[in-house]
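To keep things simple, chains are lettered A, B and C as they appear, and every chain counts its residues starting from 1.
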Amino acid sequence: MSGILNSSIGRKFAMALSALFLMVFLVMHVSINFTSVFSEELFNNLSHFMGTNPLVQGLMQPILIFGVVFHFVMGFILEAKNRASRSVKYASNSAKDNSTWMSRNMLLTGVVVLAFLGLHMYDFWVHEMTVKYVEGDMSGLIDPNNAESGFRYYEELREKFVSPVRVGIYVVAFVLLALHLLHGFNSSFQSIGANNKYIKGLKGFSKVYSIGIPALFIFIAVYHHFTH
Amino acid sequence: MSILDSKIPEGPLADKWTKHKNDINLVNPANKRLIDVIIVGTGLAGGSAAATLAELGYNVKAFCFQDSPRRAHSIAAQGGINAAKNYQGDGDSTYRLFYDTVKGGDYRSREANVYRLAEVSTNIIDQCVAQGVPFAREYGGLLDNRSFGGVLVSRTFYAKGQTGQQLLLGAYAAMNRQIGRGKIKMYTRHEMLDVVIVDGKARGIIARNLVTGEIERHSAHAVVLGTGGYGNAFYLSTYAMGSNVTAAWKAHKRGAFFANPCYTQIHPTCIPVSGDHQSKLTLMSESLRNDGRIWVPKHKKDVEAIRNGSLKPTELAEEDRDYYLERRYPAFGNLVPRDVASRAAKERCDAGYGVNQTGEAVYLDFASAIERYGKEQAYIKGLNVDDKKVVTDLGKKVVENKYGNLFQMYEKIVDQNPYETPMMIYPAVHYTMGGLWVDYNLMTTVPGLYAIGEANFSDHGANRLGASALMQGLADGYFVLPYTIGDYLAHDIRTGPIPTDTKEFDEAEKSVKDTINRLVNNQGTKSVDHFHKRLGKIMWNKCGMARNEKELKEAIQEIAKLREEFYKDVFVPGNENEYNEELAKAGRVADFLELGELFAKDALERNESAGGHFREEYQTEGGEALRVKEYQYVSAWEYKGQPSDAVHHKESLEYENIEVKERSYK
Amino acid sequence: MNLTLKIWRQKDANDKGKIVDYPVSGISPDMSFLEMLDVLNQELIEKGESPVAFDHDCREGICGTCSLYINGRAHGPATKITACQLHMRSFKDGDTIYIEPWRAKAFPVIKDLIVDRTSFDRIQQAGGFISVNTSGNTQDANAIPIEKENADKAFDAATCIGCGACVASCKNSSAMLFVSAKVSQFALLPQGQVEATDRVLNMVKQMDEEGFGNCTNTGACEVECPKGISLENIARMNREYLAASFKG
């Protein structure tokens, strides 16, 4: 068991586990976001719960952050090692004939998603964290000048999608996330060694998931942009 | 009295081997650690011997010219391996395998050796299964068998069409275990270029590192050659490009007698030659004859129509086809031994019935097998047995399961789909029964120099039965040599390491270097392949499937002349201190040019037809091989400078347990 | 056919190497790819130039020696075959063909198109075997029935010819398909169970030490494998490895 992360299989196993964890997180994230489309109140309540519940904030959030950071750092380490394993490149290489673009460009799609994540954190998370933990206001983004108006999670969300540039970036990032998932979903099962008939049955589901989840995120963004 | 002592143990045939094992000397485990053994060649024989000797505790140095022991040409054996397991309960026994092998070899092999081979055959299967070799199995989980030519039982174990691969990888794995333990020191990309004899005993080799060109000295208490056959003397053959006679030939030059060089197996089912560019021929496993039927058109007009493309073979009516093997040999039909099937194909093609452009091809047809299996499956599945499409589809599935990789290989090379149209096949050089003369202990006439597997001559007589090469290679390596070599090495426990700084090593190294320098510095104009191709043409035309006195005499002259020309006019690019394939090839072809002449000389001496050696002057009225009683001996040739000077020795063959009679498959 | 060949020439391991152009003419579509190279080499020899060194031996697709990266693909454009089984009918008159050696840090070039694949042997030496001596006293071969499905899958895995096309075509130069084929063969057979834990740990350790990259499941190896070794074997090896690791 010791040093499993020093072995090639151990590393990809860890990569897969963090990926599976992040994929579960994405489901939760999109579910909550989607409530914003039909119920401002539900969205606000859920957001407040997630933002102030000590279990979520104290335990799940650090795990999530660790998961994200781990996934990215490990991804870079693997990529560096993989590049080092071939010092002279081919003069002619026709990789398109034996593998998908997605599978070969996980780094590219991953980096774009990472960049987007930076923007995303700046947009939502940094601000919220500042309010909550720096200013100590745990009330849930209530406008201090207008306390009756209730939670402002929903408004904050709407506001972010006014700018067409931001929505554009948002759309591009999620398209790349979809590409990342289209390879990553099945890849993670393969990496943990699950390749039986049930997992093969998941192939169809993996497509639905990989396209569906990012599509929902895009839909939410576009919806708010055009209904503003 | 011949100077050849075969050292066959006394006693009844069935007890000889057991008794011999009880009588011979053993080396105690502590002393084995003090003894080095060199093994050249890592195919089934060499690989299995290396692994076993290392398990026993000897220090083994193994050599191969390939980049890995796993690439030895045993890997290309397709059909299977025989063993007298009688799992099918069809009457098989050790005696019957022995009998079939001696008869199949046209009564030109040594009884005691063949019986021992049949006896240990069952151990091989047990051993290989224990090693994880994935033989084909039936649905009940037990091992499956199939039939091969020249026998009336199913005793062939197989792993699809890749049996040799699986067995070799088994031996390779056994070797790897010992390499990992440090008991085998492996030298890959090394070619043996001479044997070093000290005080009359083989004590080492000179090898060339093919990557750096360095000439190396390696010493040992015994040297084992598992270096395969010499069929590449014909240039075109089913051998690998690198297969060569050099190790065996150098041993011959150092005193090992060469036995029966003219016994060559020409395999009936190979993909025909397509043009001058061809570098090698591809075998289609004999197992195909379990289900394929061989035919040519009955009438010349159909032959013409097929050749010019106006008639498809599938369109020719049943009654217009000549299933000549079934016609001539009703008892064995398409499963006659290889020599018989090859000659029959040649006979039809010479008579003008060949079905391709060159007139050198016959059909191997699976249509009736597809129909038969299809009907069987349709019946089992409860489908309509009369629906042609259903039956054909089901039949193709069955055939694909059995021979899929062979069919695919055929399609890749010929660009025709053998499920739809019959395969075209023609005989090609495949195996050499001849080789270094060895006694019952597998030792050559040089003390301490052993030859195992195809490199020796011992078990197959004048013709080898299908699926027996793998059996012999593994029997020699796993179960025979490891015992018999102990008898010899028991005298070496106090010898200590063999030094390599002696005059014998100096002399051998100098001779190797001289030959290399001569080749590299020769200011010739023609490539090595040029000479190799010309040698191949002489061999195929005059020493091939049918031979006669006149042409053999011509061949001897022509080969000697070609050899002279070779040394005058060969051009080897590059130098000796680098990776230089042309140089390696030049050395090999130089040896083929000597062997080829001895081959023809041996064929000329043998005034009879036996197995793969067919002399046109000696045939029955029905065109079958005509053996001559006076030639019931092994020819062993002693080197005396030039092939023409080789001295002929005879080891007479006695048959006490088997009646020598006409070899009939009718 | 007339063709332009762009061939990697490298004198020895220390040479830098470069692509050199060679025109060839009069190539028949029935020639195998290696026979086409034979034609070129004969011409080079006649001109007194050094012929192109390439690895080859059985020329029937089973020894695994040939190792050419042809027009950007291991063993060329066709699938499920080796370079020696590739025929010139797969190309057309006037084509330009790139011919390069396998590229991987663990497969250093020896000369021209020849690479050193002894790293594969060392992986096998680390555990690719069942420890049973040649005693002749093993139990009867039919004493352990093996489910046909497993026997067939073990066979399929065992058909690996060790050519290295998987490594060559993997963007990460990963040897996972090669190693998993041997691990799978034994994992599927009862004979292989006794040493299963050590086998997978040792073989993977050796694989990592040789400098092969990590598998990212692109599947290129499976597509380019001349024997069609399945990716399932990699999943099986992952399973075996993880189970062995947690077992300790």
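Convention: a contact is a pair of C-beta atoms (placed from the backbone, for glycine too) under 8 Å apart; a residue touches a chain by one contact, two chains touch by 3 or more.
Note that the coordinates shown come from a computational prediction; the quantities given were computed from them, not determined experimentally.
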Which two chains share the largest set of C-beta contact pairs: B-C
Nearest chain to the global Cα centroid? C
Between chain A and chain B, what's the gap in Å when you average each chain's C-alpha atoms? 63
Whole-Å distance, chain A centre to chain C centre, using C-alpha means? 38
Between chain C and chain B, distance of the C-alpha-averaged centres to the nearest whole Å: 26
Chain B residues touching chain C - in the complex, by the definition given at the top: 48, 51-52, 55, 66-71, 73, 75-76, 85, 87, 120, 123, 125-143, 159-160, 162, 165-166, 169, 172-174, 176-177, 179-180, 186, 188, 211, 238, 240-242, 274-275, 277-280, 282-283, 408-409, 412-413, 415, 478-479, 482, 527, 529, 571, 573-574, 578-579, 581-582
Can you list the residues on chain A that touch chain C in the complex? 1, 4, 6-13, 78, 81-82, 84-95, 97-100, 103-104, 106, 183, 186-187, 190-195
Considering only the defined contacts, which chain C positions touch chain B in the complex? 11-12, 28, 30-32, 34-35, 38-39, 42, 44-46, 48-51, 53, 55-65, 78, 80-81, 85, 87, 89, 110-111, 114, 116-118, 120-121, 124-134, 136, 138-142, 144-148, 151-152, 154-155, 158-159, 161-162, 185-186, 189, 191-192
Which residues of chain C touch chain A once you look at their complex with the stated criterion? 6, 8, 17, 19, 69, 71-73, 77, 98, 100, 103-106, 169, 171-174, 176, 204-205, 207-208, 211-220, 223-224, 231-232, 234-242, 245-246, 248
